[in-house]
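I have a structure I would like to understand better, so I am pasting it below and will then ask my questions one at a time.
Letters A, B, C, D, E, F and G name the chains as they come in the text, with residue numbers starting at 1 for each one.
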Amino acid sequence: MTDKRPFDLLNNSLEKSVVVGIKGGVEFRGTMAAYDVHMNIVLEKAEELKDGVVKRGLGTVLLRGDTVVYIMPSI
Amino acid sequence: MTDKRPFDLLNNSLEKSVVVGIKGGVEFRGTMAAYDVHMNIVLEKAEELKDGVVKRGLGTVLLRGDTVVYIMPSI
Amino acid sequence: MTDKRPFDLLNNSLEKSVVVGIKGGVEFRGTMAAYDVHMNIVLEKAEELKDGVVKRGLGTVLLRGDTVVYIMPSI
Amino acid sequence: MTDKRPFDLLNNSLEKSVVVGIKGGVEFRGTMAAYDVHMNIVLEKAEELKDGVVKRGLGTVLLRGDTVVYIMPSI
Amino acid sequence: MTDKRPFDLLNNSLEKSVVVGIKGGVEFRGTMAAYDVHMNIVLEKAEELKDGVVKRGLGTVLLRGDTVVYIMPSI
Amino acid sequence: MTDKRPFDLLNNSLEKSVVVGIKGGVEFRGTMAAYDVHMNIVLEKAEELKDGVVKRGLGTVLLRGDTVVYIMPSI
Amino acid sequence: MTDKRPFDLLNNSLEKSVVVGIKGGVEFRGTMAAYDVHMNIVLEKAEELKDGVVKRGLGTVLLRGDTVVYIMPSI
């Protein structure tokens, strides 16, 4: 095992902009307000993206961890 | 971990209007009457939406947590 | 958490007409005779529906909870 | 909860003709010889059906519970 | 519950020819050499079948239980 | 149960050439260097196959057990 | 069991370039910064690949273990 753990990335991303990809290819971008051990994630000021294009603004959204594919700091 | 937890969003949404997206792209909009740790959710005065358009009124509906993709306060 | 729980809806629906949607878009309508914690559900005088149209009568049917998407009182 | 339980239907169907629907829309009809808590089911004198038409006779078959969608007494 | 259990069929099939159907519609036919509680199955002198036609001989193959849909004595 | 267990095949295949089929129809062929109880498997000198044709050489690869469909000694 | 374990490959790949394939055929290439027992993986200087072609640079990305198909040292 390693000193760094995957969940460190989640913790370090709190209050920062992230992109979350879910099964089926849709992405959500927003400010990560909360997460838990199941990778349930709350984004604020969230947008839904398809192929990198904003489809709609969502406000606050809770993404169920089971559907998450990847999470990355927004660059 | 953080002080805020994803389930806080569910608790704060009780008796309020939410949109729940499920696997396959269908959404349900209604007043959240109940939820549990599995993210099973009961909506009242619920409507089924496809691509943002209301397809039918449903009255009260129990959504099984396993199929939930996201939950957001209706804006 | 809340005083109301999602399974209350199941309990209150016993001996009443419900519609159960399963993965793949098929619905079953019938009188709910039994359920358990896995959301396995027994419907009596059941019908299978596709796009709101009755496809066939089924008599009594046990639906496996794993495939359930939603359950609602029939209106 | 209720006095009736979904597994009662399985127990009452032993040695009787049932139809079992599995994921993907295929059905199996036969005499239920055994079941367990996982809904693994053994049918004897089984037939495979597609859209209500017999595709082939199977003799005895063990269906894995994980793939079961519904079970109903054959009418 | 019943005196007969689904796993009896597996035990009685040891060293006998069986057909195993997996998710996606492919079947494997061979002599069942071993199984476990997860329904992991080892077939010897195995063949892969598609629509009842032999596609290729495989020798010995371990099928992961998670993908098994049905198991039946070869007739 | 039986004296032979499915995992015996894995143990007997260590340092030998195997073919591993995964969900979606892709196969990997290589020398099995390691496995665990989840059927996570490490192949060395691995190749990716599609319809029996080598698509690319991979070197060493860890296959996640969850996606494994079958494992067989390469013949 | 064997002296070598699949997770050894992950541990040996820390701070090295790996390719991670996920369900649906997409691959991610980057420097493995962290992993855990669920095969959640953090890649730094990551790129998303489709059919071996770089689609976009991602910076740092957390891949959820549930979606991982294979992991291999980049060659």
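Observations, loosely collected:
The rule we apply is simple: contacts are C-beta pairs under 8 Å (C-beta built on N, C-alpha and C of every residue); 3 or more make two chains touch, one makes a residue touch a chain.
Bear in mind the structure is a predicted one, so any value in this text is a computation, not a measurement.
Between chain A and chain D, the least number of touching-chain steps is 3.
Distance between chain centres (mean CA atoms), chain B to chain F: 42 Å.
Centre-to-centre spacing of chain D and chain F amounts to 33 Å, using the average Cα coordinate of each chain. Touching two or more other chains at once are residues 23, 66 of chain C.
Here the chains link up into one ring; start at chain B, go to chain C, and the full order comes out as B, C, D, E, F, G, A. On the side of chain B, the complex with chain A involves touching residues 1-2, 4-10, 23, 25, 39, 65-66, 68-73, 75. Residues 11, 14, 22-24, 28, 33-36, 40-42, 46, 58-64, 66-67 of chain C are the ones touching chain D in the complex.
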